[in-house]
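Here is the structure we will look at, set down as structure tokens.
The first chain written gets the first letter, and so on, giving A, B and C; residue counts start at 1 in each chain.
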Amino acid sequence: MEHLASGNETAAIAAKMSRASCMPVFPITPQTEIIETLARWKANGELNAEFFTMDSEHSVMSAAVGCSATGARTFTATSSQGLTLMNEILFIASGMRLPIVMANVSRGLSAPITLWSDHTDFLNQKGDGWVQVHAQDNQEVFDSLVMAFKISEDRKVLLPSMVNLDGYVLSYTKEPIDVPTQKEIDKFLPPYKPKHAFFKPNKPLIQGAAVLKPEAYTYFRGQHHLANLNALEVIQEVCKDFKKKFGRDYGNGLIEEYKTNDADVIIVTQGSISTTAKAAVNEMRKGGRRKTKVGLLRLRTITPWPHKEVAKALQGAKHIAVFEKNVSPGRGGLMMSDLKASLYDHTKKKPIITEFVMGLGGSPESIQMFKHGVKLAKKDRKGEVHWLG
Amino acid sequence: MTKDLKQKYDFEKGIPIMPANASAKYNKTSSWRLWKPIIDHSKCIKCKTCFAYCPHGAISWINGKPKIDYTFCKGCLICAEVCPVKCIGKEKEGN
Amino acid sequence: MAKYQKFKDIPDENLLEGGSFSCAGCGGELGLKLALKVLGEDTIVVNASGCMTLLSNWPTSPLKVPFIHSAIENAASTATGIRHALKALNREMNILCYAGDGATYDIGFQSLSGAASRGDDMVYVCYNNSCFGNTGNQWSTATPKFARTTTSPPGSESHGNALSRKDMAKIMGAHGCYSATASTALPLDFMRKVEKARKYKGLGFVDLLVNCPTNWGFEPKEGIDIVMKAVFTGIWPLYEVENGMMTINYDPGPGKFQPVKNFLKGQQRFRHLTKKDIAEIQKDVDKEWELYRGGKYWQTDEY
């Protein structure tokens, strides 16, 4: 059924239809509309879930750990400062292997404080062991959240998932989305029946105990790592299954390639700017005598990082223009190191990579910006860094 | 990368949880003891005071009588201190 | 009549067995054992990082009930999550939050205050050894005046901790929930209070003073005597707050308390105290009891 919904409403619809039974929440711009929507449904008796407001995001994630450890399907949502406040418990949630699903509405980090979107908040969480997916439009927000429960709860994975959507650009923009029926969703996503939660009859469990033996600690971290690597396969399987049932797909679930086959220059993006980048690709491919064979690689799965797939997508290009809507001061864009590692490990010919730090604190992107970037990238001989916007 | 990690994925086994079934029995704390409390059952009035105060679950109440489990007793001697009839004596360990 | 009038009323089954890594004569472990005797096996223990976390060291644990530990500052929030998940899964169980004084008075205060205000149903026992004990005796807001900790050491410019301790049970009482103080010296009193906290619909808080031989500096066997003296000198008042009304549980009457010196003298953390310091502590305690006996609970004029 077609709906006209903002990114935030979409996330709320997805959480409800996925039958998440526990939702600890805390308000933060630009995420608040998600929890307001859920609260309204709860007040009208339309939401069959425990919905409760906590005293901070730190407490939200702590409660989510409690809910999931007990055995309930758990959803929450946050943004920027909230995500950073959760930081400690994010590691605990993934280390205890609890399949919590969270929508993160991306927003730049303080200081100076900003409300607008950039990707620094969640990319700083690359090391927390969550499965992270980044959506480009509202339809993908819905689909990714539903898929996230299935991926997270898979026995081969058992990890929490974060679905990222860009603040304002998606969170407050209404787009038409196609929502399957509840029956279809239920068929795709069966109830959560964990084996490692509290309530297996007559089998009390100790969770979160100290592991002081270094070799045991290494074993559990190794298992966590393997679970993350398993997620690479499970994401692809679930995406395939989703396509079969609902007819939509997002590349292979890990990356999405657009006209990369014959491309000389490949633009790398993630999130909602990818849609603008696609339009730029189309324009540049048209341009008559001066046309450039440009392609686009959209990074969809951030963690686990699909090294091979990324390298394969990029290996044919002469130039790569990476547009990063984030920055780590003193390091540059946060995706660069991963991208370069992929190419170093898996390709013989090394393309030249030009980095563009752009879109910080909500600076708008444009087709012109991508065209300009591609022009600079083609002239680049040593791997330059440019700040745009 | 996976090759270097000489592990296979163990599903739920690879999650740091354990059953709560008092499995600490592997962890014998008797070696911590300097003094060994000894109950003189002939004087014991079975008031359950030592059982109430033992911090380490080393005194159990079996058939209406206290019994010290010397595998776990850490020798804090709280039981001897709180006994209202002073029927718990002590003996130096290793003698 | 209330349960647990005699030691003989204490159930035989131990839900916390031997073999933990706690120090010999640990009052914290004693408190957990007693609380579990009240709450029974249908209880989830939620722990904040601290000494009791190390009871369970993978792959061994002395506990026979479900247990979860996540971080130091979030025991109450984790318990809130568990309570809601139990509702969602249609289960009824006791939840026991067992956290140290640092995790309750200081770093975990926000999550505890939140849970108390929301009325989330749980028993919250703070095992209070008046310092950050597991890290080796650092100052917390539960540390009594002039006590030596490694971060408030006495020296030529210092008499130890310069501040008075925070009155946590009163603050929790002000949330409108059940709140009480207790001591491991009086297990039955503590157990009755845990039973009340269990029956209370909402968060029931018990601040349990526990004997800590390692950080207070005394022989393990003297522990019960020392916490007993804390009660008998009036330095650790036993009271309950129910519906905003405070009841003093033990008051021998004016002038009948032992001098605080009796409590202070057996412990290394007070060894540096001068006569003047002891007199000051005595004055504080006397003043506090004067307030209580006058029907006042706070040292403010407005109250």
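Everything that follows uses one rule, which is that a residue touches a chain if its C-beta (ideal position, glycine included) is under 8 Å from a C-beta of that chain, and two chains touch if they have at least 3 such contacts.
Values in this document were obtained by computation on a predicted structure and should not be read as measured data.
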Chain contact graph, described as a line, ring, star, complete graph or other shape: complete
More contacts between chains, A-C or A-B: A-C
Distance between the centres, which are taken as Cα means, of subunit C and subunit B, whole angstrom: 23
Whole-Å gap separating subunit A and subunit B, where each centre is the average of the chain's CA atoms: 49
Centroid spacing, where centroids are CA-atom means, of subunit A and subunit C in whole angstrom: 43
Subunit C, residues touching no fewer than two other chains: 56-59, 61, 63-67
For subunit B, residues contacting two or more additional chains: 16, 18, 20-21
Contacts with two or more other chains, residues of subunit A listed in rising order: 96, 204-209, 211
Sites on subunit A touched by subunit C in the complex: 21-22, 24, 49-50, 52, 54-56, 58-60, 62-72, 74, 88-89, 92, 96, 198-199, 204-213, 216
Complex contacts: residues of subunit C adjacent to subunit B: 6-8, 10, 12, 14, 16-22, 24-27, 29-30, 33-34, 55-67, 187-188, 213, 220-225
Sites on subunit C touched by subunit A in the complex: 41, 44, 46-47, 53-54, 56-59, 61, 63-71, 73-74, 77-89, 91, 110-111, 113-114, 118
Parts of subunit A lying in touch with subunit B, wherever the complex brings them together: 95-97, 155-156, 158, 195-196, 203-209, 211, 219-220, 222-227, 229-230
Subunit C-touching residues of subunit B, taken from the complex the two chains share: 16, 18, 20-29, 32-33, 47-49, 51-58, 60-61, 69, 71-78, 80-82
